[in-house]
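Which chain is which? They are A, B, C, D and E, in the order written, and residues in each are numbered from 1.
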Amino acid sequence: MIWYEANLVLIEATFINFLLALSIQIPLRVGVFSFAGVGSYGIGAYAAAILTIRYDVPAFAAIGAAVVLAAVVGYLFSLVVARLSGLYLAMATVAFVLIISVLAVNGGELTGGAHGLYGALSDLTTGGVIAVCVVVAALLTLTERGPLRRRIEAVREDPELSLSMGIGVVPMRQLAFTVSGALGACAGAMNTLLRTTVSPEELNFHLIVLALTMVVIGGSRSWVGAFIGAVIFTWLPSLLSVVGEWQGVVYGVVVVLAAIFMPTGLVGAVKDLHRRIRGRNRTVPTASDDVKEEREVFETLSDDSTEGVR
Amino acid sequence: METLINAVTLGSIYLLFALGMSVAWGTIGILNFAHGSTFMISAMVAYYLVQQVSLPMPVMILIGGAVGMLVSVLTQALVFNPIQRRNPDLLKAEMQIVVGGIGVASVLLAIAQNLTKSVPFGFSASTFTIRAYWVGPVQISNVQLVILVAAAVLAGLTAWWLRSARAGLALRAIGVNPEVASLMGVDRGRMALGTMAAAGALAGIAGILLTYYLGSIAAETGDSLLISAFAAIILGGVGSVAGVVTGTMILAFAETLVVTHLSGTWANAVAFGLIFLVLLFLPRGIFGRKEVRRT
Amino acid sequence: MTTAQTAPPVLEAEDVAVHYGGIKAVDGFGLRLPAGKIYGILGPNGSGKSTFLAAVTRLVPLTRGRLLIDGREYHTESPTTLARKGLARTFQTVRLLPELTVLENVQLGADTNASGGRLRSWLGRDKPSEAVEEAIERTGLGDVRSAWPGELSYGMARRVEIARALAARPRLLLLDEPTAGMNHSERQEVSELMRKLRDEGLAQLIVEHDVQMMVDTCDHLVAMNSGTLVAEGSPSEVVSHPAVQEAYLGKRWRSHA
Amino acid sequence: AGCGGDPAESTAGEGLPDTIKVMSIKEMTGAVSFAGENSTKGVDLAVEQINEQGFLGDTKLEVVLEDGSDSTQEAASLATQAISDSSYSAILGPGLSSQASAISPIAEKNQMPVIYYQAGSKGVLTGDYTYRVTAPAESYYHIIGDYLAEKKIETAALLYNSANPTLTELGENVVPGVIEDNGVSIERSDTVTNETQDFTAVSSQIVKADTDAVFLLLLGPQNPRAVSQLRQKGYEGEIIGMTTMGAGNLETAGEDAAGVVWPSNFSARSEAPSTQEFVEAYKAKYDGEIPNNYAAEGYDATWLLARGIKEANSADRVAIQEGIAKVAQEGFDGAQGPLTFEGNDVRVEGVLASWDGSEEIVITLDGS
Amino acid sequence: MLEIRDLHVSYGKIEAVRGVSASAAPGRITLVLGANGAGKTTTLRAAMGLLPVRSGEVVLDGTPVTGRPTHRIVREGLALVPEGRQVFAPLTVEENLTLGGYTVSREKASGTLERAYEMFPILKERRNGPAGLLSGGEQQMLAFGRALMSSPRAMMLDEPSMGLAPTMVESVFGAVRTIADSGIALLMVEQNADMGLEIADDVVVVARGEVVFSGPAEQARRNTSVVRAFLGEAALGS
């Protein structure tokens, strides 16, 4: 219990980061390299802060409103960037994030300018945050099995093939942007309400980098990966403080090693292992008898010589 | 007019920085997020050297280039190459490479922050002194001149090499399909190492010149340049030297104009808004090759 | 089968053209595919066969022309609606999803027309349907159903493609070089399968360079060259057509005719 | 926690335990480690003095240093750890506004006294439990007035970082007010952001405006660049800055920066006796090193806390808070000179610091 | 002379090739036949250094090249036309061909470039267009032409006729014969057994990762019934 209280900030941050990581991971799963979720994080953070400070809206109503707003923005954004793909799209979304942060700095009264907003006191509890995450994870589980998973795989790996098989690629992508916006905003809003403040400094390139690192190292195909990534990168800095001034170096080395040795993320690494074990037990569809038979057939062919036949 | 020169100088700095990154990315498909730290570490090593012995600018440039090359080659050999070996599919490896680069960048940044405590450092101990000249009504300094010339020459050389030399073609082939490139007799490992060496040297040179020009840089300087460079490369279109040149210049002009006529606060918004707009109309940047895809 | 004669053709394409800048990949080609028949398209490399299939499946925009399924035009509809109307296809290159097993790849085909509401089909329990099992069995993929596409030989991968299309239980099947990379006995198996499917009422349009197999399999052949139609008719008519012989068939076939 | 010093069991006025434990959350790594490092030196010096003097009687003050780096989450997490560990009586807080704003509500809710340094943003001091020992520049910036008069400055340009709350506040409200109060007109006002590296374009504009003075309100590392580039562009007027010019930040600009002045909350050359005492002690402890403002603030923060504890005569957090409040009402002489408080926020007289090309000096104006 | 001796290749625990031997002498064509999944492609890729060899040897003109990196093997004079075309899609046709001649001198390359264009005029027509937009058959021609560019001493072809129209198959096979006659050793995997046998000098039949027959093509042609039994009725045409 003491441990829980002492590390409450990190525990909460783990779940917030989990949602943030998901907002990057969801588009990635359908093959869209988008960081717009980080921008939604900002939208959600500010929306929740403004609603709480100015209008005294209850926590879950503020979060809900922020989520809806960001989901709509996410959807509209997907319409705007419909023609973009790959790293070009990634750049456009980075631009989106940075523009949002500039807007926050220049938002005057509304956003509190460079100071940001503070005093967003609410009744959001850690339990509430965890409950939201559990619901999100449960919903995502449904997308990771059966037909929906296959559709998502198809849209990511081969959009054209998906089309010819009756899978709407464009709606799927729009949905991904919308969900990503909602999740990002949820993370941002809850973080603001837990910390009671938001400042434009939070919305920077490092947040993008953090979100990406969590997803890639945890695993980009399943919410479990995002969760593992969130756990690692929320707690790693604290754990590393034992190495003192060189913690930054150790942190970097850990990231590098993970990138090299876990090409499909931690979750992928576990799956690969499982696959390998399964592969060991699978026998080649070969029966030596068959070969023998075939060889006998050919013996007759080489009536005068069996040269070359082993 | 002076604004023009200032903008072109800023553009040239971005260019020097982005050039190496663009070449590595556009050819062998390595998007190196440690490019900024490589740049910064080169300047930092040169700084520690120049504190010991007062060195002239050309020597400093050589040192910076050498350090950048070394760092970059080590990054390739120890991080990117193992990633690619384990993941022959370039597209799949792309993300790992980005994250690996982020890791390397944090290592280098942490080292530099530790050593300098993030206090800015400069080359005031170098024998080089900055002089400003008046060319008609325009003022231009000797560092600006060096930067302009260096950027033009290096960009020209890179473009020529990529276009005419067979090695340039081989590099692009590696970027498309490393396995088939090796079937053509291309030594992928060596080519990649060579490219990264060149990219690193460019980063190092940019680090030295920028430090002279700004007077000082700090450990975090490389990171802020990284986003700008990334943006400029995308804006111009990946894999084209003309693209990087255009991209960096547009970015520099936009920023300069905003800073001088509007307000620095909006510089980022305008620059990135511009990139956003351009991408909406040209989804693969200004000089980007169209994606070859057919049914 | 009198209805087949009176009913409109399953697929009708009229004066289809697809131009890429100066390149006229297809330039005024068309055919009428009745229900329960196998039609084949022959033509030299680069004559526009694959492009025609892409146009028919709405994956590339038409420069001009008319497309009809069951007598109804569909130029403006998306490829997805076509799939739901019972059109399935394979591609000239192998396009399996690397992170799904063979079974899952085939299941993907069946997902298109899974019965029940969309929500149920997305979220419900997931057991290989009858159509999937049948497709796997008919293409002889039983042994490798749990393998990953990367582990398959080329010919095996092609079968998975066919199985995936079959799993959708289509009414109209378009096949682009389905047997490339298979040896003769394997081709014969595929050919037999197609004929059996035809007898079950499936209309098929096949593009293939194995003339012998085409002659054995198809009810009707259409020959194209440079994006246009050069000959049409029964297999024997078409292979003995001088223009086809000249542009397409090798010496072996020429001497045959 | 078994020993008699468990503050959870002691109540106000019950006397002090053998040791009082305090957590010091400082940025020892990352982008602002120079601040954490120097501040910590000041804290260490103060702790040494307090314990040697027996300022708290037999009670020893124990400061546990934790690295909050430049991460908000880390700093907030450390604060929670301190709060939930009942052996901690108070927190010497971090210097980044973002970190402080995250800690303040937690501290307030859990009644944990925190004393920040730097952290100039508005949202930092929101309740009774949080204090700050760095006076906002606006409270002493007016001392530049005499300098403006002496130098007969009539026109000025302004360049500030609009992404940083403290600097924005200065650039938008405080400095223009001070300037205009002194009859100087502002000809230009430009802004840059945290990422700005290149000041040439804006320098050209400022040179063109040809003002008598330019005010630079920038981040530490930006200062030498802006100064060098202004001078390279041929700017010859006065350059006036703020505290970020201190702490050796102008060193890399060398000669270019000679003559730059700024109102500062602290200068080692200040004549205030308590400052000189601090400087001497500091030099003695750290091999003749001259303390900068971060060190002075760390020192003052620690002394404020120690005084508060003595006043409270208890290790109880609530009592300590009340003790600090009492000390704050009276003020005291610290490294930054005579300190007074406005609410929970410190006020100092301020000095006019200047860079003479190789080191920091203090300017005393003899005119008017 | 290209010799593959007792090659074993595995994918993890799966043994795909279990002791395959095949050889091709200069000026001769060895045809490799076998069902889908027999291990033909695996053999060629392993010989080329694209897959790790578990045991066995690959010898080119007396020099063992087993286990060397692919680009070194190419420089030794062995070329592979990979299965499934594998052209560099975004590069132009001419750039693809130029890359094929990466290991030889410029003069020599420009000579072979002309030869390739002569053989496949469509490539010349499209030389400045991206290779990825070519039709399937056109890409196959490009892949073949590209391998020619390196002027190898020995060449391995993995189903060169796949996706080619009959006339094209004839001209490619004609070209293969011509190349062999110029003194190059050829190892060719083909599913088109009847046409393959017409130009081949030797035959190796692989089944489930093992060689079940190897001998002169003449023998196979004479005993058509056996080949039929194995490859199916249609194997030798009707």
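Simple rule for what comes next: a residue touches a chain if its C-beta (ideal position, glycine included) is under 8 Å from a C-beta of that chain, and two chains touch if they have at least 3 such contacts.
Owing to the predicted nature of the structure, the values given are computational and were not obtained by experimental measurement.
The set of chains touching chain A and also touching chain E is given as B, C. Between chain C and chain D, the least number of touch steps comes to 2. Relative to chain A, the most remote chain by averaged C-alpha coordinates is E. Of all chains present, the one whose mean CA position sits nearest the global mean of protein CA atoms is A.
Each chain gets one centre point, the mean of its Cα atoms, and the points for chain C and chain E are 29 Å apart. The distance from the centre of chain B to the centre of chain C, each centre being the mean of the chain's C-alpha atoms, comes to 49 Å. Averaged C-alpha coordinates put the centre of chain B at 37 Å from the centre of chain D.
Per-chain CA centroids place chain B at a distance of 43 Å from chain E.
Within chain D, contacts with two or more other chains are made by residues 29-30, 162-163, 193. Across the assembly, chain A contributes 105, 160, 245, 247-248, 282, 285 as residues in contact with two or more other chains.
Residue positions 110, 113-114, 227, 265, 268, 291, 293, 295 of chain B each touch two or more of the other chains. On chain B, the positions that touch chain D within their shared complex are 2-3, 6-7, 9-10, 13, 110, 113-114, 117-122, 124, 130, 132, 139, 141, 210, 213-221, 224-225, 227, 255-256, 259-260, 263-265, 267-268. By the touch criterion given at the top, residues 11, 14, 33-38, 41, 83-84, 122, 133-138, 140-141, 159, 162-170, 191, 193-195, 231-235, 237-238 of chain E touch chain C in their complex. On chain A, the positions that touch chain B within their shared complex are 80-81, 83-85, 87-88, 91-92, 94-96, 98-99, 101-103, 105-106, 160, 205, 209, 212-213, 216-217, 220, 245-249, 251-261, 263.
Those residues of chain D whose C-beta lies close enough to touch chain A in the complex are 28-30, 66-67, 69, 71-74, 76-77, 79-81, 83-85, 97-98, 101-102, 104-106, 121-123, 126, 162-165, 167-169, 193. Partner chain B is touched in their complex by these residues of chain E: 48, 50, 69-72, 74-75, 79-80, 82, 86, 88-91, 95, 98-100, 102-103, 130-133, 146, 150.
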